[in-house]
Structures are given as C-alpha cells and as structure tokens.
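Single-structure report; data block below.
Per-chain residue numbering starts at 1, and chain names A, B and C are given in the order in which the chains are listed.
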C-alpha cells in the first residue's frame, strides 16, 4: 500500500468504517456506564444488564421476538426453497408475474406494507391482531428474500447430479432429500442467516400489525425511547449487536474446524 | 383411487404446482390483496371519528396537490438522491479498497460492512442519535477540546437526516459494488495500464464502466428504501424534515384518515415501481437476472 | 424400532396422567378456607365499598387484566397493590399519543384491552362512536358511584368512561433560563423570545396545539370558525422554527436543559417539577380547555369483572389519594382532598375562577370543518 491511491483509499475506508461502527461501539461502552441517561461514562456497572434481565416485560418481549423470528425463518426457508426450485426449473405462464410480485414486499416501504396489512387484517379479514398477524407479515417478507437468495445460488449449481439420480430411478422425494436439499443447503442457510436478524429486529411492520399487549423487543425499545429511560436501552441494544457478532464468531470457528 | 388419479393428472399437466403453488397463494393473499385494499381505500372518504365512508371520490388524490404534500415529496426525492450519491461516493472507495487491497482480510472486511444490517435498524438509529445529541459523544469531545462553548444542536435538522440515511443505507451500496468489482477480470485492468493509461484514467474508462451493473444496483438499493424511510426523520429530524413515509403515518395513525394515507402511500408506491421499471429497462435483462 | 416407540408413548401417557392428577382441583381444600368474598369484604378499609359477589367471583376466575396506558406514569404500587390483594396478573401495554388509541379502535372496535387509561372526552366520544364502548355496571364499581359527582357519572353511562381527574392544557418553563414578564400568558410558549429557537416542544396532539393557539388569540379552544383557525395557523407557522420536537413526554430533554419551554398538561408539569426542580408549570392566564381524565372500558374486554374490580379499587379513598399524590391532578373523587398532604392542595385544586376562563368540550372542534382545518394545520406544522 505504498501508492498514493492506496493510502487515500485506506484513509477513506477507515473513516467510513469508523462512521459505521462508532455509534454502535459507544452504545455498547455506555451500557456498562453508571449514568442514568446512558450518554456519559460514570464508572463501570452491570446494573443495566441486571435490570433488563430481571424485567419481566423485557424478557417477554425478547421471547416474543425470538419465537416470531424462529417460526418466520422456518416457514420462509421451507416455502422459499420449494418456490425457488419451481421458479428455476419450470417455465409456466405467470412466472414473470410471480417473480415481480415477489419483489413487492422487499421494495415497498415498511410504512405502506404495515399500513396495508393493518387495514387488510382489521377491515377486510376481520382477523384480530396478534401472533398470527405478525407472523404473516414477517413471512411475507422473509419468503421472497429466501427465494431470491436461493435462486441466485441455483444458477451456479451443477444440476447433473440431480438428473443422474432421477435417471437411476430414484423417486422425486428421495432425490429431493438426498441430492437437492444438500446441494441447496448453503443457500438455504444463507437466507436463514439474513431472515432471522431482519425478523428479530423489525420495528415498523411489526408495530402496525401487533395486537393488544403484543410487545416485541424493538417495540419495547421504541416505547422506551419515547419516554426517555435510555440507559437500559443501551443494554438491550448491545444484545442486538452481540447476537450477530457471536454468530459470526461461531461460524468462523466452525469453518476453521473444517 | 379416483382422487389420486386426478392429482397425478394435475401434477403431470402442471408439474410446477406443488413447488410454486403455496407461495403464489400466499403472495396473492397477503401481498397483492392488501395493496389492492389500500388502492381501493384511497378512493374513499372519511366521516367524523374516523369512520370510513364507502363513497367513491378523487379528493384524496386531488388534495395531494397542496403545497405541504408536494414539498414533502420533493424533499424526500431530494434527500434520497443526495444520500444515494453520498453512499456511492463513500461506498465505491470502500468496496475498491476491500477488493484491491483486502487480501486475506477481504471476507472479514466485507462482513464488517454488512454486520450492521443484521442488527435492528431502529437500534442503529438509536445508536447514531445517542452520539449526535446534545449530551452525546460528538458534543462532549468538541466541548472538552474547547472547540465549542456550548453544545451544538446537531439533532433535529435536515443535515442530520441526510447523515442518518447515509448511515442507514451505506452497507446496501457497498455490497453490490463489492460483488461487481470482485468479478472484474484483473487482466483487463493490467492491460489498460500497460497501454499507458494513468490510474485515474483507467478508473474512469475501464473500471467504472465495467462495474456499471454494481453501481446501478447500489443506487437502486439505497434510493428506493430511502424514499420510503420514516424512522430517521422521526427519531432525528424535527419539524420541517418530514418525509413521505412520515406523512403516510401521520394520516394513517395520527389523524386516523385511512383514505388520505392510502392515497399518499399509493403515490409513493407508483413512484417506486416506475423507478424500478426504468432501471430495469436501462440495465437490461441481465441486470434483472442478476438482481432478481 | 416399533417397540421403542411404544415404550416412549406409554411413558409419555403415564407422565401426562400424573401431571393431570397433580394439577387437578384439590377437592375439599376450598371448602376449608374461608369464603374469599367475605374475607374481601371484611378486610376493606373504612369508606370503601365492595363489588357484588358475582363480580368478585368472576374477576378472580378471570385472573388477568390487560391495561392500555401511558407508560411510566402511574406509580407501580397501584398495580402491585391490586395484584397482590386479588392475585390478578396485570399486563400493561403502552401508547404514545391518544391518536394512536383512537385509530386502533376505529380500525378494530373489539381490540381486546380491559381498560384504557388516560383518555380525554374527545377520545372517549370518538371511541364510543366507532362502537368500542363496553358496558359499565354500577354494582361492580360502587366506589365510583359513591364518590364521583353526578355530572361526571353520566360519562360512565354514555361513554363507558370513569372520570378520575381534571386537567388543563398548559405549559411549563425552565426557571433558570426563562424570565419572561408575560408569564403566565400563553405568549411565553407561543410567541417566545428569540433566544429560545429550537428549545421549545409542543404536545404531539393536534387538538391541544391548535386549541392553545386559539385561546391565546382570545377564541374558543374548540372553535370551528375558519377565520379564527387561520389566525391560529399563522401564529403556529411562525412558531414552527422554534419547535424542537412534538412530544407528549419530553422529560429527558427537560432534564438536560434542552427543552426550556414545554407544552404540557398541568398535572404532568408538576410531575416533572417533582423530578426536576428547575422546570415550573403554569396555568395560562388566557385559559385553556376543561379537560377530564378518563378510564375507558372497551367492549372487547376479555376480563370485564377484573376491570371493574380494578376501577373500584382505584376509587378507594386511600388508593385514589395515593394516585393523585403521584400524578398531581385535581381529583374527581370527593373524599380525597382531605387525605392529601397540605402542601399538595394548591396544586390539586382548581384556582378560583379559572374554570370560567376555560372551554368545556365542544364537538365542533373535533368534527366536520373544525376537524378538517385542524388536520390541515397539523400536517403543515409537522412537515
């Protein structure tokens, strides 16, 4: 990196990384600070963590977010894998239309999707808001995501193995189980890795379709934000940042072991 | 059994049904239908106390011609264009750096960019707000360095909203750029260098055009979410920085006028769809296949 | 393989049956304990009246209560005391603005909350009009009928709401920074001195904001006169650059001396003063609205008996007094003033003659033209 170009790029890159990460790092740092407003350093303490772990509302919200995320991932990847397979392998009328409509949940602003689902559930379907409405909303976003990721992968796969298996007389289900799924597994896992944090951390859409008494962790944080008690939010935020980092580290170890 | 026969027939004629069927039903029921409902509601009107009257009217759309709404739309487009460009300006050097100088650390560097996207958007904005506000890090540092005598009101102005949007969407710009740059054939760059082009020239005549797809994708991926954003103005903007998303929320929830909110939402949707359409046309079929 | 499955199923079956037996009702034990209703009546403090036996029985059976409220406002002891005494679990959900509540119920009138706390008259009328009002049974909340004056009681039958305090839309200012001779006029907030640019917050509520401007200009809080509203709009648009945020609870900003003049309801002003001495509430000299703080009982309530039991508990003189002490609003409960500490009395009594300057609720302000124009102003103010 002796060239001027290299040096300039390094500088810009460093600044950009700092810009991206300093806010999060500061939140983590201050989550250990003994300051009620959570913006200054006033000595080390773990009180905020003990506070949120003993707070029933926080635990419930965490539980709800977790449950929703897990179910969303499972359903989205399942339906998504099937759909991606079908979209890739077959040509049929309406294929383009389906692909375009699958884009919709991803490109539409969350306020509009949330508002549309809210009106749809309450006014048209007359379905009470609650776990079902939240799950439907999340799965509606997660499935297209899974489809596009898996589809993207499918173009680079050697499908001859699958053909061979069929030629050798294996029925569809066996081929699916023994060849197709394992081959698609990296893509499926990749989509799960993206869908889970999205679902866990989603605020806007969940806010619109949540029912009476349903609080996910982001909704809890939003309420707390409005009403000022920010020190505990630092601790909760750290959890949000820590989860993907921990996961990444796990993946790193796993890869290294292999 | 008769039923099994029929199913077998159906599967033979439409082999794609079991795989594509479920998602199609889902999409029609929970994606298309709600949008259709919103479209329908945008042509209705309200009575007192938020009661929706099923009377066809164009008033919601006509009413959007009023100055506040037009201003908000223009402001939103302005902000989004600005942040898209800013993201490009910051993101391209970053992606270039990772690809050309990253070496062994490439994957890690990419993950460092992408990781913020895996935490909650709300939480990230909260973190940014924490350091920007009066008692936050930036002001504390400036104060302790003696550069200012009283805290700067960094929060609650349009500039902060732009910074917030860049902060929020920068990773989405870097990813496609990285993918595009990574896919470049290094021999092409070498060849142009051998032919006597300066690095500067080489960039503009070779690298940039070759990464056109990535740039376009990056612009799309930052511009479109940005015009629908409402959290940044809500948390960090103040009066005078509202974007279209906030306007939708205002009418939907604050005022309780679903038809008016629906109309604004529909207008925004149309803009996004048009944008997407033109970008796909410009990028050509391969770009579509690449993105989708 | 098959044997294994059989064995596991048998074990599971055994485990489930044991659990069912263990969790079943213990016959005979209930009969040995005293009748819980009699215990409840006997342990009631003086001045409190019991709910009917069927309400009590049903409430205990329901065992749960879902409250929709302003967070961090009522003291925890109120909820804890109730939960401990009756063994009823309370779950609380929070809202940020009354508008949210109105819209939620407008879209789904059977939204299953048991009680919605802290509503104003316009809110409960709105909720009733969309069909969200649930029946209130006087026998199930006798304390209310005993202690609340008649003129507020009709709100219970008409709009399923129990009035528990009065309020005025007002403002508060930071005594360390604000020294305006116009205090206590609305002008301090609505036409502030130059140096307070970006240091003002307004309530996130279109009716309160527009109404306050109207009162300052000498008109009715609930006016629907187009000219008057246009004047208010002009005033507010000039104020817009001074406004930092629209918030119904800017306590954090207040504590950091960032919000120096704050639009706030009277009692909440005293609440914040209690937390941060420098901030001082005033009752604007031009007058305001005659607000009534209400608890609303929705029709979709899954635990109506528990809801009534809670409201009845809330209107025990000592519980109500404790609540008033913490929220600093004038009570509707007629037996509470005597139970309050003396220094609190000036805060929780309406000053002589002030009510005359205030406007009681008038639907003209929240319907028809009045609503349309206010919505337009609100949109401009927020954009």
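Throughout what follows, a contact is a pair of C-beta atoms (placed from the backbone, for glycine too) under 8 Å apart; a residue touches a chain by one contact, two chains touch by 3 or more.
Owing to the predicted nature of the structure, the values given are computational and were not obtained by experimental measurement.
Averaging C-alpha coordinates per chain and comparing to chain B, the farthest chain turns out to be C. Of the two interfaces, A-C and A-B, the higher number of touching C-beta pairs belongs to A-B. Taking the mean of the C-alpha atoms as each chain's centre, chain B and chain C sit 38 Å apart.
Computed from the mean C-alpha positions, the centre of chain A lies at a distance of 36 Å from the centre of chain C. The centroid of the Cα atoms in chain A and the matching centroid in chain B are 16 Å apart. Residue positions of chain C touching 2 or more other chains: 107, 256. Taken residue by residue, chain A touches two or more other chains at 37, 118-119, 123, 230, whereas all remaining positions touch fewer. The residues of chain B that reach two or more other chains are 135, 252, 258, listed in rising order.
For chain A in complex with chain C, the residues that touch the partner chain are 37, 118-119, 122-123, 128-129, 211-213, 215, 223, 226-230. Looking at the complex, you find that chain B touches chain A at residues 14-16, 18-20, 22-24, 26-27, 30-35, 37-38, 41, 52, 90-91, 93-94, 96-98, 100-101, 111-113, 115-124, 126-128, 130-131, 133, 135-137, 140, 167, 170-171, 199, 224-225, 227-231, 235, 245, 248-249, 252, 258, 261-262, 265, 268-269, 272, 276, 292.
Residues 97, 99-100, 102-103, 106-107, 125-126, 129-130, 198, 206, 240-241, 243-246, 256, 258, 366-368, 371, 375-376, 378-383 of chain C touch chain B in their complex. Of all residues in chain B, only 48-51, 66, 68-69, 71-72, 134-135, 153, 156, 238-240, 242, 246-247, 250-258 touch chain C in the complex they form. Against chain B, in their complex, chain A makes its touches with residues 1, 3, 5-6, 8-10, 12-13, 16-17, 19-24, 26-27, 30, 37-40, 79-80, 82-83, 85-87, 89-90, 92, 94, 98-99, 101-105, 107-113, 115-120, 123-124, 136-137, 139-140, 143, 147-148, 151, 194, 197, 200-204, 218, 221-222, 225, 230, 233-234, 236-237, 240-241, 243-245, 248.
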